[in-house]
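Labels run A, B, C and D following the written order; every chain starts at residue 1.
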Amino acid sequence: MTKETVDQILKFRDDRNWKQFHNPKDLAISISLEAAELLEVFQWSAEDTVCEKKIEKVKEELADVINYCVLMADACDLDMDEIVQAKIKVNNQKYPVDKAYGNKEKYNEL
Amino acid sequence: MTKETVDQILKFRDDRNWKQFHNPKDLAISISLEAAELLEVFQWSAEDTVCEKKIEKVKEELADVINYCVLMADACDLDMDEIVQAKIKVNNQKYPVDKAYGNKEKYNEL
Amino acid sequence: MTKETVDQILKFRDDRNWKQFHNPKDLAISISLEAAELLEVFQWSAEDTVCEKKIEKVKEELADVINYCVLMADACDLDMDEIVQAKIKVNNQKYPVDKAYGNKEKYNEL
Amino acid sequence: MTKETVDQILKFRDDRNWKQFHNPKDLAISISLEAAELLEVFQWSAEDTVCEKKIEKVKEELADVINYCVLMADACDLDMDEIVQAKIKVNNQKYPVDKAYGNKEKYNEL
């Protein structure tokens, strides 16, 4: 995601003077709510590859989740690249390639 | 978020041959579950500015949400910048600055 | 669910003097978190009928959701039978038998 | 909750021939989605005691969560009283009264 996109998200917030409402707890709630709206697209859907059919809804709801993640990172003064790369390092320990290859079990069941 | 970070996320998946499991429905479930783990940090917390205190947990859980958003976008062949910028345009209509300024009501109550 | 079970839930809370923490917002968060833990049982599970295999986990997590629903109803002074029966009436309007029979579409798509 | 209410929930389902769709995975998704709709009532709400004001919405959404819990229990052939009482026993071990009294910390931090 480009810096330009991130800047558009923050500008949208600042144009409306909304930063005052963006405490971490309510932002975490908002991420959860948007994630639920994304999940709703797949409720009762047997076919797991509904992407084509419901793609417009997926685009909108996934964008909403990402949007709030950017706002959360900003509110908590976190660098997205830094925290994601740090987590990948942790996951590399939890899911060593030789044990996890082609295996969808959770790390504590590997 | 840099292309390098995105590439690390996809490489992690491909090194483990996990793409086969990444259908959109289960990815949407995963985003929801990680969002809940992020929200759990703030359960029962009166103080809305817990960021300092619980920041390590926030970093990890927010990283997990972002991680799955990247995987979802990839699985559905979506460009994150494109969908986020498109959604900002929609939100600009829903939340005109003059009505939304300093106002946290939902668009349908503005 | 018997009154005895409900009373056990409330007694558990009162024995620990926890009512003071049970504001509706945090209870709603708690219901969401427990619902996510229940959903986690089915993450990546292709087989939709995992009930047998993972039944012990389902029992625990479903119990947690129900537990918090009872606490929420109590905190908001709501009668569970009353609100559920009222909602069934609403749903009867939204999903008339002749249109909804054997049809899993949402009411606004019927 | 009376047996009559539970029977109304099951009758609603059976009148529409919906049991065929009620696999545990999609029911778990549904519980999560309804929990999110309940939580949405409290998004951005500073006042934790919004019950009065938004009570009608709380009634509807809490009823939806309970409704799906009953359907989940039925689909997995679980007795709600049994699983809830069993979980209370577990929680009694995790949260001994002397340590948990007036203390909202998680059991692993007691």
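Here, a contact is a pair of C-beta atoms (placed from the backbone, for glycine too) under 8 Å apart; a residue touches a chain by one contact, two chains touch by 3 or more.
Everything quoted here is computed from the prediction, not taken from an experiment.
Visitor: Under the document's definition of touching, what chains do chain C and chain D have as common neighbours?
Guide: A, B
Visitor: For the interfaces A-C and A-D, which has the higher count of C-beta pairs in contact?
Guide: A-D
Visitor: Averaging over Cα atoms per chain, report the distance between chain A and chain D in Å.
Guide: Going by mean C-alpha positions, chain A sits 26 Å from chain D.
Visitor: Between chain A and chain B, what is the gap in Å from one C-alpha centre to the other?
Guide: One centre to the other, that is 2 Å.
Visitor: Any chance you could list the residues of chain B touching two or more other chains?
Guide: Residues 21, 26, 29, 32, 35-36, 39, 42, 44, 104 of chain B each touch two or more of the other chains.
Visitor: Going by the contact rule set out above, which residues of chain D touch chain A in the complex?
Guide: Listed in rising order, the residues of chain D that touch chain A are 21, 26, 29-30, 32-33, 35-37, 39-40, 42-44.
Visitor: Please name which positions on chain B make contact with chain A in the complex.
Guide: Touch list, chain B to chain A: 1-2, 4-6, 8-9, 12, 15-18, 20-21, 23-26, 28-29, 31-32, 35-36, 38-39, 41-42, 45, 48-51, 55, 58-60, 62-67, 69, 72-73, 75-78, 80-81, 83-88, 90-92, 95, 97, 100-104.
Visitor: Which positions of chain A touch chain C when the two form their complex?
Guide: Checking each residue of chain A against chain C gives 29, 32, 44, 104.
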